[in-house]
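Read through the structure below, which is laid out as structure tokens, and then see the notes.
Naming follows writing order (A, B, C, D and E), and every chain is counted from residue 1.
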Amino acid sequence: GGGTLGGGSDGADDSASEGPIKIGLLVPQSGVYKSLGDDMKAGFEVYLEEHDNMLGGAEVEVILADEGETADSGKAAADKLVKQDQVAVVTGVVNSAVMNGIVDLFETSKIPLVGSNASPTTLTDATYIWRTSYVNDEPGEALGAYVAENVDGGVYFLAADYQAGKDEVSGFKKTFEPAGGEVVDEVYTPFPGTTNFQPFLANAQSSGAAALFSFYAGGAAVEFVKQYDQFGLKGEIDHYSAGFLTEGGVLQGQGDSAEGTFTAMNYNYDLDNELNASFVEAYLAKTDRNPTTYAMASYDAAKVLDMAIEAAGGESDSEAINTAIGEISEIESPRGTWSWSDIGTPVQMWYLREVQEVDGELTNVVIQELGELGSD
Amino acid sequence: MTSTSRPGAGRPGEGRPGEADPILSVRGLVSGYDGSRVLHDVDLDLPEGGVLALLGRNGVGKSTLVSTVMGLVRPMKGSITVAGQEVAGARPDRIARLGVGLVPQGRRVFAPLTLAEHLDIADRAGRKGDWTKDRVLELLPRLGERLKNRGDQLSGGEQQMLAIARALLTNPTVLLLDEPSDGLAPSVVHQVADVVHEVCNAGMSVLIVEQNLRLALSVADRVVVMQKGAVRWDVPVDEFRRDRAKAEELLGI
Amino acid sequence: MIGWFDAHLVSMVDGVAYGLLLFTLAVGLSLVFGMMDVLNLAHGTLYLAGAYTAYALSDGSWLGLLVALVVGLAVGLLGGGLLAAAVAPLQGRGHLDQAALTLGIMLIAGELMIMAFGAEVLPTAPPQALADSIPLLGNSYPLYRLVFIGVAGLLAALVYLAFERSSIGALVRATVADRDMVRAMGVDTRKILFGVFGFGAALAAVGGVLGAPIIAPGPGIDERVLVLSLVVIVIGGLGSVRGALLGALLIGQVQTLGVALVPAYAPFLLFGAMLLVLALRPQGLFAVGRA
Amino acid sequence: MSDQAALRVEGLSRHFGSLKAVEDVSFEVRQGSRHAVIGPNGAGKSTLFALVAGALRATSGRVWLRGDDVTSLSEHARARRGLVRTFQHSSLFLTATARENVMLAVQRRHGVQAQPWRAVARRRVLVAEADAVLEQLFLHHRAGQTAGALSHGERRQLEVAVALATSPSVLLLDEPAAGMSHADTQAFQEIVLGLPSDVTVLLVEHDLDLVFGVADQVTVMQLGQHLLTGPPEEVRASDAVQKAYLGAEDTSELFLEGPG
Amino acid sequence: MSTATTPGMPSRASSPRRSFPVRTALLVGVVVAILLVVPWVFGTFTVMTVTRALVFAVLAMSVNLLTGVAGMPTLGQAAYFGVGAYTGALVGIHWSELGVVQLVLATLAGVVAAVLTGPLAIRGRGVAFLMITLAIGEIAYSAAGRLDPVTGGTDGLSGIPPVVVAPGGEGLVNEGLIYYYVLAVAALAYVGVHVLLRSPFGLTLRGMRDNESRLRAVGYRTDSYALAAYVYAGGLAALAGSLWTSSQRFVAPGDMGFSISALALLAVIVGGVGSMWGACLGALLVVFTRDYLGQTFSGHASLLLGILFVLTVYLLPQGVAGGRAQWRRLFPQDRGETKTVTPV
């Protein structure tokens, strides 16, 4: 190639279309989100292994890039995938800020991005961006009405102080308030950086609220749940949360403190369907862990690509693949069957889960369905 | 490069059988800073119990020589022996433990330490001997009035006295004095002369760098004059006094 | 509003616990920085190493804690020794080079620890006997934090005696002021460097073992502990044990009581407090006067 | 009040805790005079300088510069009025070259920011002026050397050069010759004597040859207090001064000059 | 005038030039030529990485102006970088896509921010200054995440239109053209700083670093100079911020976080404290290590950075731009100069 301005570019040349289809997997491999990245990577690989490294009948090559911790690092990684490795399609992305930062890149390069976690609410009119996860405010939205009906008294909101936290709370209020729920207070804790939740919990405790709705994930989730117990809120004030609070490895860290926490999520590894059973088995065999929603969404992303590449004729043609993605009407998934909404996110069922001790182990147990979201 | 005009000066390797070994002996010393050489092939002997005055104009390398002997500047070449032991390139604390004590140019008192703390750590760190805290305070009573002042809250002269006291407290056998009279009032300069006499009587050997010619000549029994990093003249003090013309030429008096 | 008052009283108590934890983290940094003049940005790494030790070894029994403490102490001494050896060649080159070196070490060690322990935050249980919460002023409060207040208070007293009431401190300060002159008095300053470094590092690592149930080990904790420690010692005044204690207690209150009072401004409180102190007294509350 | 006094201090005191480093000192320095201050170590001479220059705040008392009360002015403001001092411990810009050290003083006088577009031409002027001052103090051969690489004595010379380069009207010299070689001290004496007569010099020195070589007035301080001010002969003859400063014994026999 | 220098003595500071510096001119020519051909030789990702490095170099120069030249180590320059970045973005979105307008307004915003915060910052020196600037940076960072209506909150501000160079022109979308835009502005900034440093003002700042109290004794109002340096640096950082927006077309609070300030400071140390081209080289090294090598050895960017810092500190005590002596020490050609002592 003759350089950026010379018409060529780095990486492969004209013969690119003849090799395997290149797929970029953009997930954090360093920093605080690394464990999410690990789950997503494993979920994607489970699907590939089940299908002999072929998607849509074509040989694929997965190119890994480190999303890191910030929008900056994630954007650099996406640049590399698109500009240097010249992938046909990208999947992954944990951080909403990264997602926002790379929208332009994918829209102008006309390469599809099948995101499997990050999902800012503001992302509504992209052509090349898809998400197999959810929209950031949906877990709250799923839970709002239920809490309004089942809790006798006001609800106190505590969430990590970043966009996802605010989205979650506003999603919750979207269904909570119309159903007659009463908001006691709404407090955001500095993120990252809060390790001691005592003052926040003390305020919540003395507020007289009957229940708490929270949004935390990762390390903060562990600390929050433990301190919720230690400072005596457990048993006094019911705890509702977006499902991330108790999803995956964090649950072990929370220990008994987590018992009795209610969360809303689009998936749980104990869902009773055939596809899920085989997914859980394969995932367990690979990682020794139960799959999380992150792993599942990434597995589904692989499936979406599988279907789209097949429909596009097994060619490494980004435009064709993108069109084909849009034309998929239904996706069989471990979470149940779902379809695309108008904005390229799943229309899917949400579940209420409770942390219970089953056979001496703490797990999320699905209590009931909360209804389908995403169609509006 | 060397042009020592020392009559009968021992060149390296010549050896001088029969003479008592000097307590401090420098042979063929080359030293300086970061690639720039300041001293070129310097030879020097300090006999036991003697007082050697090192003279020369500003910037000729006197302090560099003293610092190299103390181990604060690494020699590039040559040999330095203290009481028969080779110390060229050794760490300063080892050299100090062999009995070399230093009153550095510019005092170098420890700014954040009180005067009392200075005496305290010098007393603990150094060797034991005749010089004790009580004795130095007796010698320099001014210090006793300022025990609580921090190093940087002392007047220039007080700092200089402290530097001398600090060195004495380590009870050295070889005392290196780099311009000890700097900043001292005339009456205290007398005291310094007395101290030099006193320590010599007690068997200490002294290498003194001085700009104050009167002080230097009043205490020294041998004079070494340096110019441009080399020893130009190494004579007994009487001979120095006899040749004023040469002294003027070398020192620019 | 009795409830309101009660809740804040507990916050104040918690502020003391949190402050004392900050003290154990920060005092080593303060000694190494203020007395040795070495800016050791890998200090948080030592805490992290201690906390991971606690995670790996403590099993809820007293013996487990004891073993963790001993191993943590060893880890700290070893880490301190290695760091001292690493910065020794940098004598006289100023803080910036030290900062670059120790930050580089922090990055490398941080990544190695992630490789060893994974990227999750690993919550560490205190000994079973202290794991429960007890009623305090009508509220529930974790027993471990109460005990921690006592232990850390003891530690603070010990450090104070060791450094502000003995002539070791004077020798250390002299070494910082003019290392060559101290050597010219016959003192092997390397011993001092290793001694103080080892001591500061051991404190941080032991702080990590004891603090793991409060600030659990995980990626990024090293940096957070470092920043908190820096804030504490700068507020308190570099090199002063008393200053570190005061700064730590102050920040403890700011981070608990302050947050409880104005939760909306929580992210600004820590640095706002530091700005305020430094604007009024740039040398810190308890400056050990330095040239 | 004599308006021709270049500098006048009145009732100047500075206490450090219980120590009265400078206590109620009053005297005046005539315009254009070469005025020496002597006294034993710790008498308060350097503290007095710091008070006059404005680096230390006085506990009480006032300072007049050519009839103006400058007591409340900051150090740099006094320096801009021509009241400039040297430091007993050389205080230089150690990573800058000797020439740059002096240029910092020169350019302050010319104003740093004025007419940046003429920077090149102006730089030439600044360099030339700096070099002239270095030459005056026998440092021209060291001009390109960093101050940190100068020997002690050379730093003392540079110390004076920096102060001189500001074209002070009142120059405070704190032991300028300490550490200078004998030869350079003598040359320095010529420099001081050769300064324009509108420059007033206030000099602290322990080298009495230099003091009596240049001074037309001498002030003696002891224990923070002003002992006396007078012409050199009077001071030399004073018994009190002999006791306080020179030491009780007769000193002449110590100063054996080499024969010749 | 005499410019006698003792041979063999290292002389870092400039003395009046004796003759036209042929070697320097040659070096500058080579560097400029290399920079100019980058988009013609390298692929898009490499060009984008160099673009980021150039932006980062301007930020590093701003840090160096304070840290290396004036001796005031800062951890807060990312705040002004962020002010510039957001200002550039907002101007681009709401008002003008013209590069000059964005650059000028962003720089002005940085200057204003520095004028407002500077008096607080310069109350301290050394570590106190470092920590005050750290606090300013952290507070600005938190504020950026909270001012949702203006900054888009933690998810950042996207939808920034491509920058336009001349009125009526096309927006720059091609990475190669963006590169030239950034290069041109960065080069201007470099020249500006270079001239500033060679002026009396630059000498005064170096004097501040060495000995502030003497400077005061000579008659300088040093606080004014500290503030002036702070404001210059703030403006420069904001300029870099605006370049950042133009090249990334996205801003998030992370762009003004602690790690950016810290990396910029480290770039300065790696490059050689006090040297402007060192700062630029350091920035290049840091960005290349983080974004390029860090992606090649996926997930190990911080490990690589750590190794970079440790190695430079040990092997190149004066930074990459340090004197030739240290390179010679690293690759000794003749052993004659080593400091071995030969005892007799």
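As a convention for this text, a residue touches a chain if its C-beta (ideal position, glycine included) is under 8 Å from a C-beta of that chain, and two chains touch if they have at least 3 such contacts.
Protein identities per chain, from UniProt: B = Amino acid/amide ABC transporter ATP-binding protein 2, HAAT family; C = Amino acid/amide ABC transporter membrane protein 1, HAAT family; D = Amino acid/amide ABC transporter ATP-binding protein 1, HAAT family; E = Amino acid/amide ABC transporter membrane protein 2, HAAT family.
All of these numbers come straight from a predicted model, not from anything done at the bench.
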Self-check item: Third chains touching both chain E and chain A
Solution: C
Quiz prompt | Taking each chain's C-alpha mean as its centre, the one farthest from chain D | solution = A
Quiz item: Based on CA centres, what chain would you say lies at the far end from chain E?
Solution: B
Quiz prompt | Chain pair with more C-beta contacts, B-C versus D-E | solution = D-E
Self-check item: Inter-centroid spacing, chain B versus chain A (mean Cα positions, whole Å)
Solution: 75
Quiz item: Hey, how far is the Cα centre of chain A from the one of chain C, in Å?
Solution: 36
Self-check item: Geometric centre distance via CA averages, chain E-chain B, whole Å
Solution: 48
Self-check item: Shared-contact residues (touching 2 or more other chains) in chain A
Solution: 30, 34, 161, 190
Quiz prompt | For chain D, residues that touch 2 or more chains besides their own | solution = 149
Quiz item: Out of chain E, which residues touch more than one other chain, so two or more?
Solution: 6, 9, 142, 145-146, 300, 302
Self-check item: chain B residues within the chain C interface of the complex
Solution: 70-72, 91-93, 95-97, 101-102, 104, 108, 110-113, 117-118, 120-122, 124-127, 150-152, 166, 170
Self-check item: Contact footprint of chain D on chain E as seen in their complex
Solution: 1-6, 9, 11-13, 15-16, 195, 198-201, 203-204, 206-207, 209-211, 213-222
Exercise. State the interface residues of chain D toward chain E in the complex, per the touch definition above.
Key: 53, 55, 74-77, 79-80, 84-85, 87, 91-97, 99-100, 103-105, 107-110, 112-113, 116, 119, 122-124, 126-128, 131, 140-141, 143-146, 149, 162-163, 166
Quiz prompt | Interfacial residue positions of chain E with respect to chain A in the complex | solution = 38-49, 52, 142, 145-146, 148, 152-156, 158-159, 173-177, 179, 248-250, 252-255, 257, 259-260, 290-291, 294-295, 298-302
Exercise. Give every residue of chain E touching chain C within the complex, in rising order.
Key: 67, 73, 120, 123-125, 127-128, 131-132, 134-136, 138-139, 142-143, 145-146, 258, 262, 265-266, 269-270, 273, 300, 302-303, 305-310, 312-314, 317
